[in-house]
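Labels for the chains are A, B, C and D, by order of writing; each one numbers its residues from 1.
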């Protein structure tokens, strides 16, 4: 857990935005660790991420050990943000995001995320794992995470989602990760977590949308396969892309080889997306993402 | 120019194919340098590529300097191939493929191919360069290659293709390379060179087929862009894929950055496809390729 | 578990080797699934891998369901191999390699291998996990694998290795995988398992041999980091390389970021090496490997 | 040629640097297009790159078409920079860097750079090409660039370098690119162009320093080969690395295959390094580079 604060901003672009924000941070004595910005010139939008130490070694004019006054800064920032039409998010390291993992019968992504979480790569809490397959419970148990079994069929989707939403509220979940969860979510469900549901699709989107992408890739005879992590929107496989990666295949590879190689890709693109989201590196706009590195 | 022979075979799969072919080569004293095979088990097809020295150092029981009797071998192979239902191609290193380059206003692929050709990477002759843009002539002239200007409009496509075909026959061309040639070819033209027209498409097919793929990729917000080389068939952007590669992009990259990075990808995937074709490494079947490495 | 046989061969190169081997297989009615060969022309060496079905659908002239006579073939092959000076290895799918995992305090590679093993990616048995760290026991227990704690210090290395060798014999181990095992093995230990100990080194060998390669990479300011899997020989970090991969880094990445990214590389290159070894795709010669794909 | 100004800064880290610089730019009405910064926390160093439009569409409070007063800003910035101990470089788009290309007998890198230059990828002037091989003259002539033949032997190195330096002064050269220039430069020569000589080394440094890296890579049996672009310092192959890339090889690849594949890598890493340098994206410190993307 890093003892830092992160400010994420997006707003209409205009001159002086960096100066205004960095000036205010300077006034409050922030020791900036990382700052990055981006403009979409076509749309006239401005994006910024600043991360600063909340307590640190003496630097410049500040005395050692003096703790940053986050409340004071926030009170001063709010009117500035209002004046400049900013949407913003201010978080600090001790506010760990509460994450729910959803998965179905394929466990590789969930197992990978849990391993990374235990290894300290993912700065979050995981209060609950939800699945429509009972065999997930063993793995959840190994990591000491409550498991909720929610069976889903086309006929019971409404009830199942209602139960899932109740669970998410009950566990106070802020981010839902679909770790190869094979059920379609309804627009009503998605609307509850806008830009807060991350999915992994087992193809290099927008190629091979829909079901059975490895079969489609094999049939088409492509020479690279891919995987894509993205935020979920109402349109299936069409949300803002967070990360993609590919692996080389050859004529020797059968569908099952593609599936096996794809598992590695899926793990990697999903875990990167989750880590970047947790580290507040991602801003969504339109159907795109800005990912600050 | 390598002093070797290459035999490419495809036929219905059955037991003993490797034994029969390698047995015959052994009888004729071939010193095999590379051999590779592949089966498509679903379709019951067999593919093989064998390359052997025509003259070489003494090896095993053969005397040094004894030249392989290609004519004799071929006469013995023909009935075997007929018996086993083989389609085959037997070539030797001194038969350089005669290649025509087609391009339009973007010269990066053609410049790259010409440079590689001069550097000895591409074992071919280039008797002619064809373009609907006059400015290509200077580059053709630098490499001492005849240039033919064939303007094309939708209205004159028929006449232009007739003239192109006359040129190809006149120059005895065996392989046509579309090095960012921006005109659509009619089925009639394509039918004259089946599996012998190589195109480069500036996207990771099947994503972003059609025109302006970099604009489409930018609009979709993908994190990798790609390029694809493929044989041309009647269906636009749908021929057998030979090679693909990708490059990472970020939210900072504008369409013009994608175009610039894409140029490098296009050069690489097209030049690989051409080299592999010239080295007789590619077999087409259905809508796929086998590329022996 | 695939119902196939694999024959791996290396011998002095001479004409007719493919013909002799494939001819014999044909005589015995083998339905070849994959065959690959390689020559090292400089050293005059020949390498071959053939895989064929032991029982399969009718193909060509053979009746359905007729099982390949592996014993008969072997008896016929032994004199041929002797005549041609071959070193060879004949295995079939139901002979699963017995593997011991060694690790120390970093568990990511072991956790990854165990997950892949359970998912069916690794065709082996894992009768024992050995570590000089007690905390490994929990993970071993989750997968139901016996755990042996063998503490090691410089002073007790001899005794520890003696105990490890006793365990390996007792568990009938054929392959040792060093999944980030941080102790140096003595030549005496290595000599017991020639070309049968696989290690992962956390750098792109031969760059940054020795300890703390991520620190060295950070100090040198490289733009890519790598990992390498290799067979262990007497010379530290100098055995035959099986697989390597790299990841891009930037000036923003600190040593701990390199370590985190490197974990992904280590998992991937080690798991590929293990899978290829288990699938009998690797031949060692001199200080190199042939890896048939 | 972009109508922008770029300010590159490096100085001891302290609070408020971003605020001070961006505040001053805001005062002078700069429309910032890109801004990036970096801290080396271990060394207490701060790095910044800001790019802004010199003339642009109305934005915020500034009237359309009002040109940025670069002279005025510079006069105001100089005392700020002095106060904060900054090293800095302020350039604008119409100041194209004057570049000399050095090469020897291998022309692929030079041909690639010249092609990219003509295609508009490299924002520079190339007043002169220098080589110790006469055959370079033809390619120089094709691009209409003066060619200077400067033969070099170990015995005449001093005289040759003196003549090269005279040429560089005469042509007012600011950046020297060693496009596979195979002669070693003396420290005296290097001292004239600190951090202004870019070289490409045909290996993944620090692996395989020195001569014949492809032979060394083949002998070691690596599975990836690489290339590295770097600034030249007194220590051979040890300057700050700008860019690296790798390509996969296999046991089938002979030294000449490595050389051919390596040419593509060399072209790519060198051209990226040159473009980044020309776009003022690189800051050197110690033996490292910060490359702002």
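Just so we're on the same page, a residue touches a chain if its C-beta (ideal position, glycine included) is under 8 Å from a C-beta of that chain, and two chains touch if they have at least 3 such contacts.
Bear in mind the structure is a predicted one, so any value in this text is a computation, not a measurement.
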- line: Greatest Cα-centre separation from chain B belongs to chain A
Query: Shared interface numbers for chain B and chain C above half of all numbers used, same, or below, different?
result: same
Statement: So, in whole Å, the Cα centroid of chain C is separated from that of chain D by 43
Whole-Å separation of chain centres (CA-atom averages), chain A against chain C: 36
Message: Among all residues of chain B, which ones touch two or more of the remaining chains?
response: 34, 250, 252, 293
Task: If every chain is a node and every touching pair an edge, decide which shape results: line, ring, star, complete or other.
output: complete
Query: Across the complex, what residues on chain D touch chain B?
result: 34, 107-108, 111-112, 115, 119, 121, 142, 250, 252, 260, 263-264, 268, 293
Task: Please give the residue numbers of chain D that touch chain A in the complex, ascending.
output: 13-16, 18-20, 22-23, 25-26, 29-37, 39, 41, 59-62, 248
- prompt: Which of the residues in chain C come into contact with chain D in the complex?
  reply: 38, 204-208, 220-224, 226, 240-246, 250-252, 254, 286-291, 293
